[in-house]
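Chain lettering (A, B, C, D, E and F) follows the sequence in which the chains are written, and residue indices restart at 1 in each chain.
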Amino acid sequence: MAGLLCFHWVGFMKFAIALLAGPQDPAARSALEFARAVLSSGHQISHLFFYREAVHLASLLGVQPQDEQDITAEWRQFITEHRLDAVVCIAAALRRGVLDKAEAQRWERPAANTAAPWELSGLGQWVDALQSADRAVTFGT
Amino acid sequence: MKSLLIISRHAPTRHAAREALDVALAAAAFDVPCGILFMDDGVFQLMRGQDAAQIGQKSLAANLQALPLFGVEDVLVCQHSLGERGLQASQCLLEARVVNNAEIATLIEHYDQILTL
Amino acid sequence: MLHILRHSPHADSRFASCLRAINADQSLLLIEDAVYTLLPGTSGRNALEYLPASVSLYTLESDLLGRGVALDDISSRIEVIDYQMMVALCTEHAKVVSW
Amino acid sequence: MKSLLIISRHAPTRHAAREALDVALAAAAFDVPCGILFMDDGVFQLMRGQDAAQIGQKSLAANLQALPLFGVEDVLVCQHSLGERGLQASQCLLEARVVNNAEIATLIEHYDQILTL
Amino acid sequence: MLHILRHSPHADSRFASCLRAINADQSLLLIEDAVYTLLPGTSGRNALEYLPASVSLYTLESDLLGRGVALDDISSRIEVIDYQMMVALCTEHAKVVSW
Amino acid sequence: MAGLLCFHWVGFMKFAIALLAGPQDPAARSALEFARAVLSSGHQISHLFFYREAVHLASLLGVQPQDEQDITAEWRQFITEHRLDAVVCIAAALRRGVLDKAEAQRWERPAANTAAPWELSGLGQWVDALQSADRAVTFGT
């Protein structure tokens, strides 16, 4: 009987969530709503990974019209509030001009446009996330 | 280790194609058992005779040829996608195993994780 | 296994590719522009109806409402869920594949 | 003045749909004789009952309703695209004239410039 | 009028939309991933062959070579051009429509 | 006879070229190759307009791998060398975090990431370009 119950009891899980599409794509919101629901369901988000056009979410420079929601600000707030690891693929970010201070200095660019809570790091982080998480879900394919 | 199947479905001229290969190579470098399935316009990546410099791009050939060297075990190509595009496996620049729909469904069951890129 | 489709059935070949790869006893969740597949009288909707009865079909309510796809028009085969239920679906399936 | 036809072919959830309307309204504001044709997934912009707030977006309805007010003369919708999507003109939130393929070809001949957005 | 197609015939509905809108005595130029339409034995190529003979067909050589589409495989109906000739085509047609 | 000759002599033309796709899209190169061919054919480019994702071409922060071509640098050089008007749609740029110094100050953002030869301006510039050019060609649809 206990065995049967165990079978149905999935328990709390670690989720890795990846986003591939940029702030202008509806997927940026789907991923955020899903991430919120993961936490409100009592599960854990072990990794957030931003690849391809999603690296633009880490830019601090976007200015949205006043009557529209600012998805990059919402993501930033969510990550900060829940102290999540938000890794932006460094190779994808460099190509697309999303740089933190260290990268801007290294590549002699005139400015940086991202900072904490976003962290630039390698694809290995995503590979690692896929290994250690109980579930991996990708948005913005 | 959880095995990983990457489904690469973008034409070689799309940046997404290069970034899908990067993920496969990164996973293989970390010794993740890894396969790659070329499907939809992704099968165009395997066409011989691409001269990427003509369109100001870097060739994908080196990245593709690195797949087996890095230990990407299964290199697969979708039969249906090839057929729709008038291509044959013998025209491919990698030795890719041709798989039909049923085999693709089985592959997706077999691998622990699937990424469509 | 849970398959997630997010693209309009008209804009891309993902819909056909996913249907070719889906097995009986798997689940399919339609989100974002993929909810347009549910409109009555379309070839996409017909393709969904032809899936074996053992394939479970789900869709996100907010994505339906956001796009004006009427709940009344949805086939009774489709279970309309919210994000919390989407999370539960992901826990209940060993794998999630996003197309 | 050269007349301008904008072909809007993206679903309302894509940012491209909003940016196509912006171009039409900008052109009309400069008194350019301007028409807009909703085609392919662009016809979804005209569906009634969209509650954009559900998906965190601002509704396109105001921009759409501004079209005739700003003097966008022709508001057109592709019959073929509606049919493929199971929609009818009577379900549209704007009074759009339904045009068939031959009429679209004629329209494209008639306007001085065409932008597919 | 010159129509320009740039998307793969498999990835999108633009190809079909453009063909529905094209008139006899107009021209069609295939660039970028639209050159895949020229591969022999495909439905896209067949659709091109069915266009009235009065429709002139062009494609960009660099886009063919970049994608490995062999010049030998191209139908004799298609004129292979370079960017300078594309500019000339634009001057010769009163309107250019990019799909 | 003169009339007939005139009919065939198209003469030099003013081209307006618009780009809608970003630096990662092959259209960014097609548009540049076309623009070069316009000039080398003796025609004139009266306007360049960058809309939608093409606003990212104006970013100065992108870092490309050494063995790949840098399309944003090529565009910048082409525009500078030929002293062309290169207008980036300001509304599209603000949304996507492409700001010059004036906009960064106005919106109190920590940095600017674009500058001359790129100019941020309104859609009216494109409308105007469409009216005054002999031919208008759009890339990256």
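Some observations on this one:
Keep in mind that, in the parts below, contacts are C-beta pairs under 8 Å (C-beta built on N, C-alpha and C of every residue); 3 or more make two chains touch, one makes a residue touch a chain.
According to UniProt, the chain labels map to these proteins: A, F = tRNA 2-thiouridine synthesizing protein D; B, D = tRNA 2-thiouridine synthesizing protein C; C, E = Sulfurtransferase complex subunit TusB.
Since this is a predicted model, take the numbers as computed values, not measurements.
The minimum number of touch steps linking subunit B to subunit E comes to 1. Common neighbours of subunit C and subunit E, by the contact definition above: B, D. Considering the contact criterion stated above, the chains in touch with subunit D and with subunit F alike are A, E. Chain pairs B-F and E-F differ in how many C-beta pairs they share in contact, with the greater number at E-F. Farthest from subunit F, judged by the mean position of CA atoms in each chain, is C.
Centre-to-centre separation of subunit B and subunit C, using mean CA positions: 26 Å.
Rounded to whole angstrom, the centroid-to-centroid distance between subunit A and subunit D, based on C-alpha atoms, equals 34 Å. Between subunit B and subunit D the centroid-to-centroid distance comes to 39 Å (mean Cα coordinates, whole Å). Touching two or more other chains at once are residues 10-11, 13-14, 32-33, 62-63, 98-99 of subunit C. Listed for subunit A are residues 24, 26, 65, 136, 138, 141, each touching two or more other chains. Each of the following residues of subunit B touches two or more other chains: 13-15, 40-41, 55, 57, 113, 116.
Those chain pairs judged to touch are A-B, A-C, A-D, A-F, B-C, B-E, B-F, C-D, C-E, D-E, D-F, E-F. Of all residues in subunit C, only 4, 6, 14, 31-33, 62-63, 82-84, 86-88, 90-92, 96, 98-99 touch subunit A in the complex they form.
Considering their complex, residues 1, 13-14, 17, 20-23, 95, 97-99 of subunit C touch subunit B. If you check the complex, the residues on subunit F that touch subunit B are 24-26, 29, 65, 67-69, 71.
Subunit D meets subunit C in the complex at residues 11-14, 40-41, 44, 47-55, 57, 84-87. By the touch rule above, subunit E contacts subunit C in their complex via residues 10-13.
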